[in-house]
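Going in written order, the chains are labelled A, B, C and D, and every chain counts its residues from 1.
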Amino acid sequence: MDFLTLLQLLDATIRLATPLLLACLAGLFSERAGIFDIGLEGKMLAAAFTAAAVASLTGSVWVGFLAGIFASLLLSALHGLASITFRGNQLISGVAINFLASGLTVLIAQSLFAQGGRTPSLSGDARFNPIQWPGALARMREIMQAGPFQQFYSELISGHTIIVYLAVLTVPASWWLLYRTRFGLRLRAVGENPAAVDTAGISVVGLRFAAVGICGVLCGIAGAYLSTGLQAGFVKDMTAGRGYIALAALIFAKWRPWYALYACLLFGFLQAIALRGDVIESVLGFRIQVQLLDVLPYILTVIILAGFVGKAIPPRAGGEPYVKER
Amino acid sequence: MQKMPQWADVVLIPLISLLLAAILSGLVILAIGEDPINALKIMVEGSMGSKYAWGYTLYYATNFIFTGLAVAVAFHARMFNIGGEGQATLGGLGVALCCLYLPWPHWSLALLGAIIASAAFGALWALIPAYLQAKRGSHIVITTIMFNFIAAALLNYMLVSVLKPAGSMEPATPKFPDTTHLPNFSEMLAPLGIEFSRGAPANVSFLVALVACVFVWALIWRTRLGYEIRAFGHSESAAKYAGISPTKIILVSMTISGALAGMMALNNVMGEAERLVLNATEGAGFIGIAVALMGRSHPFGILLAALLFGVLYQGGAILSQDTTIPVQLVLVIQALVILFTGALDNMVRVPLEKLFLAINKGRKTAPKAAE
Amino acid sequence: EPALIFDLGGKFDKSFNESAFNGATRWAEETGGTFAETELQSDAQREQALRRFAEAGNNPIVMAGFSFATPLAEVAGDYPDTKFVIIDMVVDAPNVRSVVFNEHEGSYLVGMMAAMASETGTVSFVGGMDIPLIRRFACGYAQGVLAANPDANVVANMTGTTPAAWNDPVKGSELTLAQISQGSDVVFAAAGGTGVGVLQTAADEGILSIGVDANQNYLHPGQVLTSMMKRVDNAVYEAMSAGEMVETGFNVMGVANGGVGYAVDEFNADLITEEMQAAVDAAAADITAGTLAVHDYMSDETCPALTF
Amino acid sequence: MTAPAIELKGISKAFGAVQANKDISIRVMPGTIHGIIGENGAGKSTLMSILYGFYRADSGEIYISGQKTPIPDSQAAIAAGIGMVFQHFKLVENFSVLENIVLGAEDSALLRPSLARARKELKSLAEEYELNVDPDALIEDIGVGMQQRVEILKALYRKADILILDEPTGVLTPAEADQLFRILGRLKDEGKTIVLITHKLREIMEITDTVSVMRRGEMVGHVQTAETSPPELAELMVGRKVLLRVEKKPATPGAMVLDVRDLNVTDDKGVHRLKGVSFNVRAGEILGIAGVSGNGQSELLEVLGGYEKATGTIQLNGTEIDLSGRHSDGQSRRARGIAHVPEDRQREGLIMDFMAWENIAFGYHHEPQYQKSRLFMDLAAIKQDTVDKMSRFDVRPPDPRLTAKNFSGGNQQKIVLAREIERNPDLLLIGQPTRGVDIGAIEFIHQQIVALRDQGKAILLVSVELDEILSLSDRIAVMFDGKIMGERLPEQTNVKELGLLMAGVTGEAA
């Protein structure tokens, strides 16, 4: 494998890790506050559709972006209503949200665009375009000719959409928010022992809704990126299990922001390499079934969960609705 | 004092939840510019209006009975088995291997063989997450989700690389031999002189599903094992006190659950397609969750809920054919049913409990006032 | 009333299914007739869709895609009075019309154009699902390339092994990037919905692309060299026009009868030199005349011009 | 005249059908320690939780320092200068002491300055009130006594003038309790107002200035501590004269039934829970195990009951019980003639969502008399058995189809007792037999236990109530920190001596 191929793989890794990372951090905020969320997938999907639909209708990707976040927030509110206000089962609520998003997106897409549940293809200002850094080369054919540093700079550093850079920044931001601010302390506390937060005079419901809200925003960004950054338009079920991979990454990361970055890069890399069977074959000398690469994140997660490689301890109050007790 | 009479819990709450889901679904249909009443008519007609329609409705219902029972058995042990989809997929693999590689002289024997194969494969696929839950404390919800994906990939691999006949373009097994053909309703009813639509896929595995209902009922409410499963499900600490082994209950209940989910393949793989294709389960594993929630984890309730979802699926398919409403409407309705009967249960329950409390108080104070 | 069933890629894949839809629409517009249609969600639904239309009395029932072969073989016998038309596969039944295309011939023609348009001498191919049918495209394409430039290099990749490969634009895009880095400057996508990603990336990266099935030149004006037209629309149109009387049996559509070809329109006129046009037209004439035989991968599962 | 620090007027609160507080009024003067006593379930915790804004009252008014102060949530209570130490601590286990103290009382949106200030403040509080804790220790790593200090510090850090403590000594040894009372005395001297919930008369007499007594959700009396006596308070508490001693004949111990040697238990976290425990129980005698809760009694019962792993030897009727093997569980112990009334009937003894008849078979569901065939249980037989047992133990209402959670505490306990005693065991393990049970039922339960002893059965009784231990036991062993500190005969010992043993002070040293 030559240097450029490696760069291409890493470049694809970054692109593919971005939605995973955003969704993973979304899950992190929610679960750190004690609300399990297997509805990441549904929220991303809803956001992906809404962002593409609105971007296509208005011609502005930013309007679409905000609309996508709004759609994701709506589903977050539903999850909050079910699991916080009405103390329902968080897992069941998540399952329902995934189905709801999967069904509604196609239903609305069909009624709006009549294109079999997809949005029209986006182009120009209706999608996020790569940002070229100063001095960077845009086209592969030019990059191929350049020296290794220029290749590295043009291929890996430059040429991503703004969301990719944003996602990278979310990691330190999340870390800072969780571990350096009052809000973070309270949020972590409410996921460990909501009664402690309650008796300290802080609203458990408020905090949990805030966390679920942050989760909604991040999922919204992740979904909007899928349809307006990574691809040019919405197709049905386009999240393709990314919400679950993000969940797997979250467990892998033991609910910590920096580890989340590493886990998502790993899973992104697995996805990237699964696209390049030729590279694997040339490096290893034999063919690996793509199906194996596809499920490697899931298998790794099961191994982690089984405690064979380090133990993942979820937030203690996670999954349980808060009911006041003596 | 009971907060609420039993019938309210078992009948009234699911009905109200269902009504809420129906109203919202109607609004969704209205919002996409169609007439909900007309849609309802088409769905009812398309799913129950003819023998052919019933043939499909019962076919779908058969799938949902199996997966609903699977979810319910696990629920009784307070485990949330989201892995029905993967277990049913593996069950399909079991059925395919059994039908393709063993020489069966008659369908009845093939059915017995397939029951064992599908149950064993499904059970195995549930047993791994169960073992990890029991012995290593891995959350069963997460592991079963992961196992759904792994099952899909495994099936994909098997179909593409192992079972696909040479030269075929489709990732599917060859057709099963004719001796494994399960009689469908038309073939079953013909000897009785009853005519049934020849094309409809409902088949003898519907009867197997009914037997499974009875089996689960007896297991849960009449046997020691069922008693232990329920005790464990209600209180793990009490179960330990009573000498009920958590490991045993988790393993056994998940094995039964997986076996039931796997047996769904009798219907869709052996009974209908007569070969194994990709995504043969079509989400039935997930519908089992809705069915179990609506049916209150009781086999009779599950039977009714599965019929309801059968109507919904067949009606939805017809609806998407006759109107421009995509078949995904069914997913939306399914989501709303899960939401209201599962996650938003308290939204319906709490006001209802208050109502019954008030009624009871009224009854009690009334005679006093008369004194 | 005739009926049309699309394959999993969906009606608006801008390619195979959309071409079928266009044919049906053309028929409807010209005759004022109506047709029933449905899109599938999964492989398991094929049989139900067939039966549903047959039960409803639709005739003929047209289905786009080889995956219908097994369910159709199952269903056809139950509805002897209904005519079925299957595209891309042969089903032997008295009431079935099987339409297959000589994709290798059309691919040969666009392969020649690719070789002539290429500056680097390396061209590439992105296939959808790795099946003999798509290898037939690739093999014809490679033969055409080598015919026009014996020194040319052909890079070929398949998207996947399942129907999901028809609808994976992200992977199409990644494969295209990889091919560009191997020197390719013309890419032919025979990959259904996945091709959208291929064409998009080619346009972004400033290389030429070749569309498939329908005329895709309009997608990126001036950047799509041509499209390998597979006239699924014609096949559907003809079937619907013939109505219940549609002729059953085996029907091959090739260069000779206009079943496959290449597209020239206002979007790519500037890209096609007279020299290219002349060479390709000559080859087409030879094929029609039978003097030029393009090797069909599916005849013996081998390809003289390409190893998979 | 100064206004009372706290005044509650007409507070009522119902949980569903249970009226936990009925029209309760109370006044507490500033700078005093006010005791609230009452039996289990009397409504003490509920009342104080309302004052702290944890629960919201259905009706009634709260006045703080003469000002009418609505307290809709804990925020409002904290603002009004109220701090509360709950019966079950409200601490975040994997946070540090400092983080727990700062939580909810941060100065600014950023954490660092708050933590720095809290560290300083903590130092001065520690000096002022003798409340030393390591600010950087994790809560899960420190003992309960220390955790309680953190709770008190939390309240003081929030500048509480009114401090409510809900049964603070339940988890403390007498020595730790003494230290707590010294701290409370100091706080009182500083002018703070303290409300102390307990049902231990000793503590009330020792430290409070005034006392309120609650019974069944109602306030039944307010008295000056100096002007009352324990018997008077006890009578107020239960509503009638209390029988202090159980009527029983002297024991006639027979053969050795249970012989425990060098029992050791280490829990999942690696904490050594039982340290070389040895004792024995003979037929026809009651061995009482006294001790502050959390000193290994629960683990002892669990080991004997078959659901906690241990090392050591246990002999029953002369043959050894397998402690390690896979056949060591509740079923096998029952088969060997050990019956077990667990400490926590709601978590262990009963399935609260099962009907009475299902609970009667619980743990004995393998017994042949309950089986119809190899596969099926004989539901009719179980129901009949339930009806019999319910009438013999006077369970009310005698309805076998009623769900366990719908019986009152006393009747729930009777169901468990009926199930275990009627089994005619060789050895009865019984934990906290009268916790949360009122006096009528207590007498009945005590009679049953003594009757079983008189039939020649061996009984191991674990209770945190010294009075119960003293009145029922034929011999008393005291546990502290996983060890048996010593054995005493009830007629040759007294509360004071047992109290010292419970604090880990052995006889010789005392």
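Keep this in mind: a residue touches a chain if its C-beta (ideal position, glycine included) is under 8 Å from a C-beta of that chain, and two chains touch if they have at least 3 such contacts.
Remember, predicted model here, so these are calculated numbers, not experimental data.
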Most widely separated chain from subunit C, with each centre as the mean of CA atoms: D
Top chain pair, ranked by number of contacting C-beta pairs: A-B
Computed distance of Cα centres, subunit C from subunit B, in Å: 40
Interchain centroid distance [CA atoms averaged], subunit A/subunit C, Å: 35
Rounded Å distance, subunit A centre to subunit B centre (Cα mean): 30
Separation of subunit B from subunit D, taking each centre as the mean of its C-alpha atoms, in whole Å: 45
Overlap residues in subunit C, where contacts from two or more other chains coincide: 161
Of all residues in subunit B, the ones touching two or more other chains: 156, 160-161
Chains touching one another, given as label pairs in label order: A-B, A-C, A-D, B-C, B-D
Subunit B residues touching subunit D - in the complex, by the definition given at the top: 1-3, 218, 222-224, 227-228, 230-231, 234-235, 237-238, 240-245, 357
Contact set on subunit B toward subunit C in their complex: 52, 56, 156, 160-161, 167, 169-172, 175, 198-199, 201, 268, 272-275, 277-280, 282, 317-318, 320-321, 327
For the subunit C and subunit A complex, residues of the former touching the latter: 10-12, 39, 157, 160-161, 167, 169-171, 174-175, 177-178, 180-181, 183, 185, 193, 196-197, 200, 205-207, 219
In the complex with subunit C, residue positions of subunit A that touch it: 4-5, 8, 12, 16, 115-118, 121, 139-141, 144, 230-232, 235-236, 272, 275-276, 278-279, 290
Subunit D residues within the subunit A interface of the complex: 45-46, 49, 52-55, 73-79, 84, 86-88, 90-95, 99-100, 102-106, 108-112, 114, 154
